[in-house]
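Before I ask anything, here is the structure I am working with.
For clarity, chains are labelled A, B, C and D in written order, and residue numbers in each chain start from 1.
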Amino acid sequence: MSIRILITGGTFDKEYNELDGKLYFKDTHLPEMLALGRYDVDVSVRTLMMVDSLDMTDDDRNLIVAQCARTKEEQIVITHGTDTMEVTARALGAAVKNKTIVLTGAMVPYKFGSSDGLFNLGSALAFVQTLPHGVYIAMNGRCFAWNNVRKNRKTGKFEELR
Amino acid sequence: MSIRILITGGTFDKEYNELDGKLYFKDTHLPEMLALGRYDVDVSVRTLMMVDSLDMTDDDRNLIVAQCARTKEEQIVITHGTDTMEVTARALGAAVKNKTIVLTGAMVPYKFGSSDGLFNLGSALAFVQTLPHGVYIAMNGRCFAWNNVRKNRKTGKFEELR
Amino acid sequence: MSIRILITGGTFDKEYNELDGKLYFKDTHLPEMLALGRYDVDVSVRTLMMVDSLDMTDDDRNLIVAQCARTKEEQIVITHGTDTMEVTARALGAAVKNKTIVLTGAMVPYKFGSSDGLFNLGSALAFVQTLPHGVYIAMNGRCFAWNNVRKNRKTGKFEELR
Amino acid sequence: MSIRILITGGTFDKEYNELDGKLYFKDTHLPEMLALGRYDVDVSVRTLMMVDSLDMTDDDRNLIVAQCARTKEEQIVITHGTDTMEVTARALGAAVKNKTIVLTGAMVPYKFGSSDGLFNLGSALAFVQTLPHGVYIAMNGRCFAWNNVRKNRKTGKFEELR
């Protein structure tokens, strides 16, 4: 069994630029996080883009959908900014049927020391191994179906629509 | 849905005593780790013991089995030292049939900054929500059945018996 | 001997707001940092303001100068944003003669895990105990006189004017 | 101006062996700590030994004294276990007269995330630049003369003899 991990950026991978005090993207921290977790499953990591999910375009989402449709692995984890994670989940849910796809992200950058990223990654990799085909969001230790989830902007937590 | 978390100690919860340079147990870090993961599922945490799993006795294991049998929740996560995790898993696997029980632990104490504990906790809480009744060990991003797992002492990783 | 620590904000004390992804000020981390350093000297900490030093006004600087002039302690450490630290040092150098004042700060917020803040605080508290009356900037393990220092914007390091 | 840093081990540089759960020495973390502090002074780091200071022998101390006597730099920082730091300080104080030597250490290993090491290193490097010739211990933000200091075993803090 092999798992494909697709990187799209998001808070997960943001870093602090000490010269201008702004957040930016450099490289993904996924390999470092997998090593920290002593991960021992066959994975292949591919960076599709490094963007804030508020800046993600339709073209970006089409690329993610195309990659998921094309990849040979049946189990896919996507790291993604939380702000529009539900939008990408819906695009994937409508288009990709024969795979298990789990989107996850973080509320605090992994490099900032108090991140939920490592916890979320652990849960996403477990959910993707055990859930039937479908598209899901793994956040807050929970797993949501792509067509029944939204981020609550006030609490920062994900919840079901109904 | 509610999940029961049972604490037994292990590397997970060890701390450094700066006066004598030795490792010891104080309180569990589970609530702090759940908060860091922005965990949003109903859980109840109970500390059964705080021991190095090399020091765990038959009485200790009987207590764990009894607690798992008695607890009303059907989904149980147990934090446990890795050295004898497989022994406790076998005791549980032989005795408790109608629940999903996932044991997990860490190779490095949570407080030491480079721990796999948060990753493992995330994966254990995901596995316990999705797997059928049975007893499992969640380590290294993988999930093992209670009767087909051992810790490889040389690599520190868990593997199947056959 | 007693040391006065005056807080003005700066990168030192910035935090990450996980709801909007922006940096902001809440409370100072100085007491936590002193505890981490097992600091055992009599200090009194006072927060004067919590501002980015790019937003510091003449009024703010007048307040800092007045506080330094008035305080009974002869040794004063000021935490300050690095961007205009040299401006405040000049204001103090021209006005306060009979005290040892050391300004320090950080290039990365203390809460982000990879901060130089703890190192700088340790050096500032050592310099203030050993240097003669005067106004100094302690950054990068060095100590600069108030009238011979600037921040190099390209490298982020402090250097002498000549 | 150049500063010599001599490494002798101590809690400072201890690491956690995840296979046997014991603490051990691998390489010194000094270069990493200097980088984290954005240190910008000319230093040369030399590892003399990597030992727990409880295991330090007279031969070890003679080596440290000989190295301090021979080195061309007038300013020397020594990282050292805290348990016998005062013994080495006395050996140096009796033997080396024309240099400024500052011993420092940590109560918690640097790699454990909650260490006082970075704070102590910052203060030691500041004290060594500003104090007159002599031998000192820099701990807890304070500086002690070699012939008037002991570690209080109950509190873990350093204090004057009288």
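Worth pointing out:
The rule is short, and it goes like this: a residue touches a chain if its C-beta (ideal position, glycine included) is under 8 Å from a C-beta of that chain, and two chains touch if they have at least 3 such contacts.
It should be emphasised that the depicted structure is a prediction, and the values quoted were computed from it without experimental measurement.
When the partners of subunit C are compared with those of subunit D, no chain appears in both lists. Where subunit A touches subunit C, the two copies mostly use the same residue numbers: shared numbers make up over half of all numbers in play. Relative to subunit C, the chain whose mean Cα position lies farthest away is B. Separating the CA-averaged centres of subunit A and subunit C is a span of 39 Å. Rounded to whole angstrom units, the spacing between the C-alpha centres of subunit A and subunit D is 45. In subunit B, the residues that touch at least two other chains are 107, 114, 156.
Chain pairs that touch one another: A-B, A-C, B-D, C-D.
Taken in their complex, subunit D has these residues touching subunit B: 11, 14, 16, 18-19, 21, 23, 52, 107-109, 111-114, 153-154, 156. Subunit D meets subunit C in the complex at residues 33-34, 36-41, 107, 114-116, 118-127, 129-131, 138-143, 156-158.
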